[in-house]
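For reference, the structure I am asking about is given below.
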């Protein structure tokens, strides 16, 4: 059960609500986000919700039977949009493209790609500075200095930044240089990281775990929301299956299911979702047709020379062709 | 290695080719389909293919390194079309719809749905008369009598029939009453059935196994082709994964991969691919956007009363809406 | 609900039982096996089973809420044993070994291995004469002639035979030359084959499907049982997962689960279950420790020269060492 | 390639080795653990390793072609033992039991279970104080205060502690109160956490990821080892598959594979591996038979009242019975 509280609710009224829940034997949690105050209660049995609804300071009460509550579409029927400022909004009727290299490599690389995005009207650039790598001996990214260059060069071109945060201690140092914090697939259930990302106001995009269920992804989003941050994006990036003909199995079903279960925007990651450069376009178009709010795509001017993920990275030409197809398709969908 | 033989090749010339292969220590198989003669040779090491190419009666020689040979796109670059007669062709630039109930139930049901398809310009009707069911106590279909009614009522309306064949002994009895034999997911590696279906001229659509790999699907198609039947369709119907939010995981990646690896048409089965009625449309559109040649969709005038699979069956209205979306989308794709 | 009928029940009494079930609106199926008569009824709602229990000719009535009925341990608490004659019994306190090559290759091979088994007191030999192969170009077995040699040479040594049957038409031709029909993983849901195997008296061992669920395996066994044959063995042979370090994931959990859910004996197939020769012993011992009733193991005097599956086939020496370990371990377990 | 350095190697000699590698164009990493110094080099092509082997200060050189290096059995053939002090050693010929509740609940609970372990000669107690939970609204553990009580009460009884660490900031605060840091399945690829655990001397047990491959588990261990900590244990706890009859699929194959690929001890977690109380014993015995070095088992005096995981937690009686079976079985294995 989600109890929306009036913004100007008095401390007394809040206290009264909690006491009522206590008397009813209902466990509950107080949640303050950048936008609203809520009391989230876990109902073990059915109650007459008017008991709560009639209390002073209560704006609205919603029964939510899902395990996740605040990210559920059961109480918030209208889709959520994420506003990055300067007119860049994710969610709603548009299909948002984020593109850029797997890894930030150097200033020249950033400039070339940021220029390209600028001239092709792509507003958000991706690029990793902290790279989760299976092997300790692989390139692990340029770190905070790389991020500062990334930020400066994008800022000059009016381009927003999404990049992965891997641990709690990085949040503060990265905060002023990013527009969206990305939580990677391997950290999809790093609950401490999610808790801390609930304390910032910047948007957070959570990738589904490598074999994470749809429910687990929504629960991970619930962690961030319930810790105070409503600015959330969900990302489908493929799951691990028995099939060896490609890297991951892009779960196209997850797109309509997530859109049905949650009010949050859903972003597709076709680059990881299939992992084969020449098919990234088909998976992107499929995700659009299935209802995704956007896609995050790996892009490089010389994919074969990229520090990482070259085999699934589009060239400028390939991206331009895909973007043209998207423009046509999104009018129809 | 695929050796295409001249249609008028002499027995002597054929013999000479086989002897040459024998001398080279290459195992080979003679294949005669309704369209062509081939000698398929399994190369263990590289040879100068001109040795073969220059022999009398050889039309062309192709190196094919895949485990499957005749269904590979490595030797036949142009996509195959399947002609059902009366102007009904699958493959090529169109997106073919096949629709109908999970199970054929009675004449009234067939008529209602066939009429609907006729008026909505859908040329192929699906409907099971032999039903593979997990439990021996479930409804197993009307059998051959049901098929005869199905055929008569569709024939009157100029509608083609696709239906599942479950075992060798059914092939002959079904042969005159169907336009496409469907091999179900559970029989995807029923090699005896595939062998026998290679001996008929009617088209065969092979569904991917419940956890069948893409390569296994192509090898199953190779069984039918190498037994003599080139009229083949491949069907992606979702794979089994850990996810429980839906019935199967529709493998959207399989669409472009199959189109790349093989020259055969690829049909999507979104009904089984997600198993949730309200999302069948999204998965169909996604499959179209990803390059599928058609879709097979469960349809009933009263899905909630269908004998089987009602939860994933579209109503007439839902189908009409989807068809309209497809018409628009296929122009763009 | 399982209604056990008296062996000498009159036709009148049987009729009365069916009518009573009809009046109660309960669907039911009459089943006659080599041992007993049953009426299996599918209860949609609870009834007072004494209504049935008190009817003439009813020996006993059992409520079984599983989807499978006759193979369930809910009505038959004591484990089933399969008697192959000549003192060879599977199930009960012993751990039964079946061993032999993947494929029957020639008489010399049969003799060498049968001799070895004879001298090592292994009573059941495996060996495929019909081989399901992914590729149509692979060796598909020696067929019925191979089986006849296999039978003759084993018979002379008092050794029983288990071999795979791939299609209905083979049942009759194979019948007199085998002791156990094996249904392979790819045919685990070949329902027509299962139905027909229900009509013979010879034991049937059903392998779990490549990604078959435990429930599906039990339902497949229900097919055979409900078609008339109680002589059934279940076989765990590994499932398909994402892991690539071995061939299949042997599902050790399935052993105790199957033993709990069903009264049928459970056989492990460690050769396919891990697919790596040097680890077959560990998986066999694990299966024994987990409660399996036996194991079926690939064995050849020259594994590296075997026609198929050499990489997972034990040599005579390896098998002897494993057998000694089993002897010690089974005393303890 | 792993270059073992003499413990008293001079700075000059070290420098010379690095320069030689640089000149050969080989990337390399300097690693100092609590026991030894290494230079790990990633060979892209083959070299004559005597060039390195003959340099001053080099103790030994080993070619290791695996992606992981220091945890590989290719250079360290003898199995590693982990010494917790006071005669408690994991690895070698014994089978080590660790047992205790899923969550530490209160002092009474700790005392009861620690007393039980003491009297049953179990030397290591498990118990979570930081609990990773899918839902933010679930009980998340008693935290550091709970750990301090846990430590005190175990210390008094001579019992060692293993408990989960969830993030970097907890390492220091937990350090003095634990004997083994456990990395949970959800943090199996939390590379920052692994890096930091490489800087402590206390042993670390890494659980395989929820769908982590065997190679990924070894690479995660490589992270800790290469960051300086050789005291490592690997834990198989079941993987996520399609099967719904139990919680996870315990991967019995992983036991012999890990023992073959790595020199590190392998611990089984049968409680999570099957997730069903009455079958935990079978899976434990199977793991022992397959070669595991020990097991970590959930145990509570009143499983049905445990704060978490009660459905897979053994009672005192069940544990005692299992322990007796283990005692017998380990003599044989």
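Note that the chains take the letters A, B, C and D in the order they are written out, and that residue 1 is the start of every chain.
Note that in this section a residue touches a chain if its C-beta (ideal position, glycine included) is under 8 Å from a C-beta of that chain, and two chains touch if they have at least 3 such contacts.
Model, not experiment: these values are computed from the prediction.
Farthest chain from chain A, judged by C-alpha centroids: C. For the pairs B-D and A-D, the count of C-beta pairs in contact is higher at A-D.
Computed from the mean C-alpha positions, the centre of chain B lies at a distance of 49 Å from the centre of chain D. The mean-CA centres of chain C and chain D are about 39 angstrom from one another, to the nearest whole unit. The geometric centre of chain A is 33 Å away from that of chain D, both derived from CA atoms.
Of all residues in chain D, those touching 2 or more other chains are 211, 215, 240-242, 244, listed in ascending order. Only residues 211, 240-242, 244 of chain C touch chain A when the two sit together in their complex.
Those residues of chain A that touch chain D in the complex are listed here as 27, 29, 40, 42, 67-69, 132-137, 166-169, 186-187, 189-193, 195, 209-212, 215-216, 219, 222-223, 226-227, 240.
Looking at the complex, you find that chain D touches chain C at residues 211, 213-215, 239, 241-246, 249-257, 260, 273-274, 276, 278-279, 282-283, 285-291, 328-329, 332-333.
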